[in-house]
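Sharing a structure here in structure tokens format.
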């Protein structure tokens, strides 16, 4: 238990250092314009990937509607700041909360029926949900329709983004490393066994859904307040796939992996100009290659050997 | 009052009568064996007692409460735990975490406490660690606590499943072919372990097994199923000399 | 009159969905996977026809035959390269791979042909027929005819031939079928071949009715065809037909009488309702997991 505390402190120090370095580079203009423009999109993608990892990596259910949750959050949070006239330090935090909560409510609405389904059916239903949301937003007047919601104040700055990312990671990592998180992983590994040891499968599936939706919603609000405009077409199936690619590349069930992959996937197309044309192709190759590599019997045998050795050492150390 | 009282329990799948008129009474601390030819309905009986299947007829009381038709979750909470014929571990989780999932309902800290790392989180996680390691020691699995459970050898996976079931603090443990795939030495060792856990945790055990040495060696009473019906219920010697049992196993 | 015309439009669209749904339902029944890339095979078929007629100057019939060949081979290759190594993998892994394949086909098409949609001339040259003031286009007549013929042939093939029975056996219990001497890998490859062949037919009918193709042509119709397969009951051949036709009619009528933009939302709404209240579909059967 002491170990957990030390670990937490180390991670917090690392986070503060990263923040300080990035903030210094950004503020003093040492970071090229191109990169400093990317800081917020990177942060948003980290939030989206880490939260999607909760359902795909830890709960083991593929949802293809993460962009849908993002859009619901984005629109409700941004409409709040557009139509309300409150001081920004009250309005903006409230907008983030509203975006998250509305997305979470949609998480329940889509989660309750979707819980009765599994695997491919769930994936298709979440995809359908994302498309329905998009159509509805396009057909509403209050959202600005397909032209988009304009005039959103650009309130999202680096500090806000950093804190949001940090909160997302801490909440999801702590959730996973608690008895509740273990219950979620147990459902992924074997639903029948999980029920047999008294795990409330419905509750924990819904919990994972709702938490993931909440953070996707908050990320959406931050996105809107970064760009100043929301267009329904942004939140299509391709956005959901992009987040999935990040999760898959980083490793399903690895939060650190999601963070690193989010940085790579966001920054790479900017560094390598002309890569944008090949973006879809790269996504496709990442998805297929990662799955084939992970399922290759030789590679998994190799991994098993490494794991056993590593665990033995770890155990011996603990025994000493 | 009996711990488990099964009355005329039965289930049909379409036209097939998988379990019919199943009656059984068990008291605290008893160790029963459930045997029968393949397809006799033994695992189906377990599935009925653990809520995986809902019975079409009859009912059963556990610890004084009506349990038939309840969900697997409620039945486990009431105090019936089980293992599976085809091992069902949480394969991507560590050995210790498997047992900790079993301990899930014995601790109470809430979601907020887990996320915000409040004192109750640390206190109860420490308890879970201690209880988990203690259980693993009983099954000689403590050295593998950090192994991924799917990396364990077969025999140890079976033991881990029993440890996980015990972690839920059951009053009745249902073991579905605990010695399947084990060699004679491992089986002998398992017999000792089963006898040990019954005394140590003061629980009742009902086990399905094909290894007659194991069943005859440790079970106080043996229930024999054939075609979903109980054809004998008695001590090892009674069952061994029962003509119907002999006929069921050897043919007429 | 309008409603009858919309109804015929729905039948036309529904027939194309039905042909695609057959591919989904057969692959789902036999390989137990959602072949997300199935819709994109239709796009490949449509592009093949476009290239064959405009660039190669082939006759419509030869173009369609070429397209069938390309799609069938493509389907088998995809199965061998991407899906076969995953027979033992979790459904999640297979589904993600299938999404990857779908994306791959779209992105390759995007790189070759660009994102602008291309006009494709109809390969069907049948005169329209007018009955009692209602005009049936040649495309509609051929689409309906072809779909009905294929349906009948497919049902006969599955139930009457040895290979068809092997497919049924594999869909019931892969392990047992293997023990009975059925070559499971070949059976699955054959399923993909048939599914992709049907996709080529659907692609030809689709471009003939709608006259254009772009890299995303197959994506949305593909998902809708899967909805149709689920609606009819996954694994059921007549179910795919029924589901496809129903979905086509629902879509046409909601486009005409509710809203063009909301028609997709309505189609997906149908899916959600079906899965909630009758997850096994209209003609499907319920399965129980064994413990």
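Read from first to last, the chains carry the letters A, B and C; within each, the first residue is number 1.
The rule we apply is simple: a contact is a pair of C-beta atoms (placed from the backbone, for glycine too) under 8 Å apart; a residue touches a chain by one contact, two chains touch by 3 or more.
Everything numeric in this text was worked out from a predicted model, so none of it was measured.
J.: Using C-alpha centroids, which chain lies at the maximum separation from subunit A?
T.: B
J.: Closest chain to the overall C-alpha centroid, by per-chain C-alpha centroid: which is it?
T.: Located nearest the centre of all protein C-alpha atoms is chain A.
J.: What is the distance in Å between the mean C-alpha positions of subunit A and subunit B?
T.: Chain centres of subunit A and subunit B, defined by C-alpha means, are spaced 39 Å apart.
J.: What whole-number Å value describes the gap between the mean CA coordinates of subunit A and subunit C?
T.: It comes to 33 Å between the two C-alpha centres.
J.: In whole angstrom, what separates the CA-based centres of subunit B and subunit C?
T.: Centre separation, subunit B to subunit C: 47 Å.
J.: Check each residue of subunit A and list the ones that touch at least two other chains.
T.: Those would be 192.
J.: Could you say which residues in subunit C touch two or more other chains, in rising order?
T.: 291
J.: Find every residue in subunit B that makes contact with two or more other chains and list them.
T.: 52, 84
J.: Would you mind writing out the residues of subunit A in touch with subunit B in their complex?
T.: 1, 4-5, 8, 170-171, 174-175, 178-183, 185-186, 188-190, 192-201, 207, 253, 304, 307-308, 311, 314-315, 318-319
J.: Quick check: in the complex, which residue numbers of subunit C touch subunit A?
T.: Spelled out, the residues of subunit C in touch with subunit A are 28, 33-34, 82, 85-86, 88-97, 99-104, 106-108, 110-111, 219, 223, 226-227, 230, 259, 261-262, 264-265, 268-269, 271-272, 275-276, 279, 289, 291.
J.: Where on subunit A does subunit C make contact in their complex?
T.: Interface residues on subunit A, with respect to subunit C: 56, 60-62, 64, 113, 116-117, 119-121, 123-125, 127-129, 131-132, 135-136, 138-139, 192, 237, 241, 244, 248, 277-278, 280-281, 283-288, 291-292, 294-296.
J.: Would you mind writing out the residues of subunit B in touch with subunit A in their complex?
T.: 50, 52, 71-73, 76-77, 81-82, 84, 88-93, 97, 100-105, 107, 109, 111, 114-117, 121-122, 124-126, 128-129, 143-148, 151, 164-165, 167-168
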